[in-house]
Amino acid sequence: MSAIGVLRCSLKAAAIIATCWLVPAVWAQEPPKPAQIVFNDSGGDMTKAMREAFYSEFEKRYGIRVVTTSPIDAGKLKAMVESGNVEWSVTEIGPEEAMLAEKQGLLEPLDRKVIDLSGYPEHLQDRKFIMPKGVYSTVLGYREDAFAGGNGPRSWADFWDTKKFPGPRTLRDSPVDNLEFALMADGVPPDKLYPLDVDRAFRKLDAIKPHIAVWWKTGAQSAQLLVDKEAVMGSAWNGRYYVAIKNGAPLHIEWNQGMIKESAFVIPRGAKDAYWGQKMLALITEANLQGIYANIITYPGLNLKSMDYVQADLKQFMPTNPDNLPKQVWTDAKWWLENGSSAQERWSKWILAQ
Amino acid sequence: MNSGPVNSGPVNSGPVNSDQVTPGPVNLAQVKVASTGVDVSGGSAEAPQERTDKRVPAAPILLSLKGIAKTYGAVSALTGIDLEVPDGQILTILGPSGSGKTTLLKVVAGFEAPDSGDVELAGRVITYATPASRGIGMVFQNYALFPHMRVAENIAFPLQMRRLARSEIRDRVGRTLSLVGLAGYESRYPRQLSGGQQQRVALARAIVFEPRLLLLDEPFGALDRKLREHMQLEVKHLQRRLGITALFVTHDQEEALVLSDRIAVMNGGSIEQIGAPADVYSRPANRFVADFIGQSNIYRGKVAASSPEALTVTLSSGQTFVARGASPRPIGVEVGLVLRPEAPTRLTDQDSRDNVAVGCIADVVYVGDAIKYSIRLDGGGEMVVRWPFYRNEAPLGVGETLRIGWAGDLLHVVDWT
Amino acid sequence: MDNGRLNVVKRAPRRIPVLRSEQGPVLVGLLPILFLGFLFLLPVARLLMLSVEGGTLVHFHKALFGELYLRVFYDTFKIAITVTLLSLFLAYPVAYVLSTASPQWALIGFLFLMLPFWTSILVRTYAWMILLGRNGVLNQILVGLGLVREPVALLYNVPGVLIGMVHVLLPYMVFPIYSAMLRVDRDLLLAAEGLGASSLSVFWRVFLPLTLPGVIAGTALVFILSLGFYITPALLGGGRVIMIAVLIEQQVRQFLEWGFASALSIILLSFALLAFFALNRTAWRRTA
């Protein structure tokens, strides 16, 4: 055998050996399965719906237990990442906080080889860090028994009209949404809202301030205040009203001029089981699961096909329902990222001013 | 069976059988030897002359308790107490713990209301009056000094409560402090004082407002022996000088003997005997008193012969003793013979007494100024005698045989039951 | 040999008290000191460093000169002082009743007192809503009796916050006062009475001064805890009452502005320490 033959032979052998090595190497790309991953969400009804729709499916599919914690807390996310002790595999996060966290480098990039966003609206498909999951809307709601014959308020201008629609009101203790509501009540067309005219918004808010019985703090509070008749109308996240209605409260959701926004999931930078976090996010994009979730809590998914799985009688409660979607306005999270802090400071000052 | 108060005061208030009345300052050593009739006997007869004020010797009754009864749930703390304290005297309530003496004091002070009976102070019924309105000074067992007030503030407290003028308060506090020897301690806090000093402050606070009656609840219990004896005398002198009437509670019989004009011995919620210290000591009304006060030799026997002059008692051992001055009793009745350890004297073979016994010394105990001998009697039984210890005399040794005897009137007869 | 044995016997009892009286406290104290150093001083040091991040005092400048923050500090102290005083006036009689009650009744009393501790803030808030809301029990009674025509606003305002905070903080005031009352020698009260003091004088001149250390401890506890409250005021204040902790929380969780949050915290901590030392001085003067 010539030297070259020997060389060839050995090369061949080497190739075979290499191939033999390579196969398990491909296998090894999937990291070992941990016993559990930690999913941090908003808690309460939301956790229940998440478990029914996504967590139980994940556990069935991969045999990894999903442990949940709550509430969502951007401060804690930052603390975890900066201390290098990241407890969460995935966390839900508010839209503005998500952008802040991305800016401060607190997030793990989305593995787009694992997460397929092709079923999503086109403008969401290029996400690098923030996984859009679904949408929710801050909407006007009122007690049907306070306004006979379906004559309730139909816009924020009506909400501000305390003569025609008397009674105590409740709004969220936050400038987010309220500045938009005030401007719309003052006649600003929905498509001309941004950038927000903050001065004008606060001037308009002055008019409604004496009629606000409670500035609500938590989602649960918002609908409960109407149920307890502490207020006759208010703002709330649409799912909160739905749960109250489902439980028999005589509430009505007015979709007109609701502020719609996307809810987001992120993987904290340095998360222990980031790979399985990515797998979890991939599972959450699936249309049928998003449909199941929406049927429970009326927060629809952003996978366009998910509406196919929503029960017909529940479609009226979905912000993305074709009847409802056009009435609402998309929140400009970028504006809030840049102006949120100063708006909040001004809000606090305004709240305290007698 | 407890026979309750056997003798009431007047019965025993007769002349004291003592020939060595000690006038002037009390000699502590003598008190402790406590041969019959210590100086304390002078209480009723002599005290008025020592006092600075000019009261008539037959002092009126200041405090009088009539049929005081008190029960706590099922426990009866006081059962029909009658007691009178003449103006200017110290009456001691002596008894073991749980005998009801502190409860009685609380009833007098007004901290407890009796279930029945009346408390009279200077002729006024005060049974249900508030403590504040009674005007009685009290020294508590633990002094009860206000820890957050300085000495002067503590003493000024009762005067402030009486709304005296500021200058008057200052004067009186100053005077009282010097009286108890604590001038210069005005701005100390109680916890910065020694036990004896605290005691003086408590005393000063109790007398500064010139109360008609002073109550002392075991005030010397927390002091060491030396200080206690010193304070006892000081209190007594102060009481004499100021002419204060005092009701004093203690379980310490020595203390009672030193301090009191009269002693009321309490047991089980009732008074067993009231009388001058020497009386109570030498003529205990019953076995309880005999046992509780001083050290006694108590012998059980049966009356063999009874006449107005003498009672002949046969002990179970067969010995026969003669007691004089005891009331006649039926033949065969069980009685107790009480013999104080100072009573017997050593006899020569020629000497004779009403009662004579022979025995050998089983034990010798030195008690400072005296020696206690335990003598095993030939007829059976034991006798403790206590004789002054003289340096030039060699004490008797264990095993020595001796002959002792005592007069029949030194043998006191009590009912056995 | 006998001597040796005797020496051992003699020395042994002496050595134990020495260990107890000198080394014991040091050893026993070391653990808490390490614990506190690790869990308290270290984070505070980090807080301090965060607040002057980048070597500037801009955060402090904003906190002390921005009108919002001074105003909120002022409100926070006002509410903390009010809550402390209200708790004191409620707790003192409660503690007195408990200190005179039999052990069984005292235990039951304490159970009731501790209830808010074991109840979540949301449940508590909801309970207050049922009682004090526009359509709550109290308003229904008032309207039903014709005492008022419109429901009275008892919640979602400053009184609501005060009620909620006092409810939670009362035990912190009751416990120290209660234990101070238990330590008061009842003979002192009798003595005062016997010396001619009226019930009122007994209270003012003897009982109150003697329980003052408990009052001061409770006051310090409640005051300092009130300063850091935020969930209760946020929920029961209807959004109208802003405590400094709410603003700190916003900076930490919403805007991720930790430097500014640290500056606010440091200022709050300094105020709290200042108040604590002031109270402590009074306590020392009173009991020294």
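Order of writing sets the chain letters: A, B and C. Residues in each chain are counted from 1.
Quick note on the criterion: a residue touches a chain if its C-beta (ideal position, glycine included) is under 8 Å from a C-beta of that chain, and two chains touch if they have at least 3 such contacts.
Note that this is a predicted model, so its numbers are computed, not measured.
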Inset, instruction - Work out per-chain C-alpha centres and flag the one nearest the whole-protein C-alpha centre. - result: C
Legend entry - Interface with the most contact pairs, given as the two chains involved: A-C
Inset, instruction - Could you please state the distance in Å, as a whole number, between where the Cα atoms of subunit A are centred and where those of subunit B are centred? - result: 91
Inset, instruction - For subunit B and subunit C, let me know how many angstrom lie between their CA-based centres, rounded off. - result: 55
Legend entry - Separation of mean Cα positions, subunit C and subunit A [Å, integer]: 38
Legend entry - Partner subunit C, residues of subunit A touching it in the complex: 73-76, 78, 94, 96-97, 100-101, 104, 168, 173, 212-218, 220-221, 224, 228-230, 340-341, 344-345, 348-349, 351-352
Inset, instruction - Report the residues of subunit B in contact with subunit C in the complex, numbered from low to high. - result: 109-111, 130-132, 134-138, 140-142, 144, 146-148, 157-158, 161-162, 205-206, 209
Inset, instruction - Please name which positions on subunit C make contact with subunit B in the complex. - result: 185, 187-188, 190-198, 201, 205-206, 209-210, 212, 286-287
Inset, instruction - Could you please specify the touching residues of subunit C with respect to subunit A in the complex? - result: 66-68, 71-72, 75, 122, 126, 129, 133-135, 153, 155-156, 234-235, 238-240, 242, 247, 249-250, 252-258
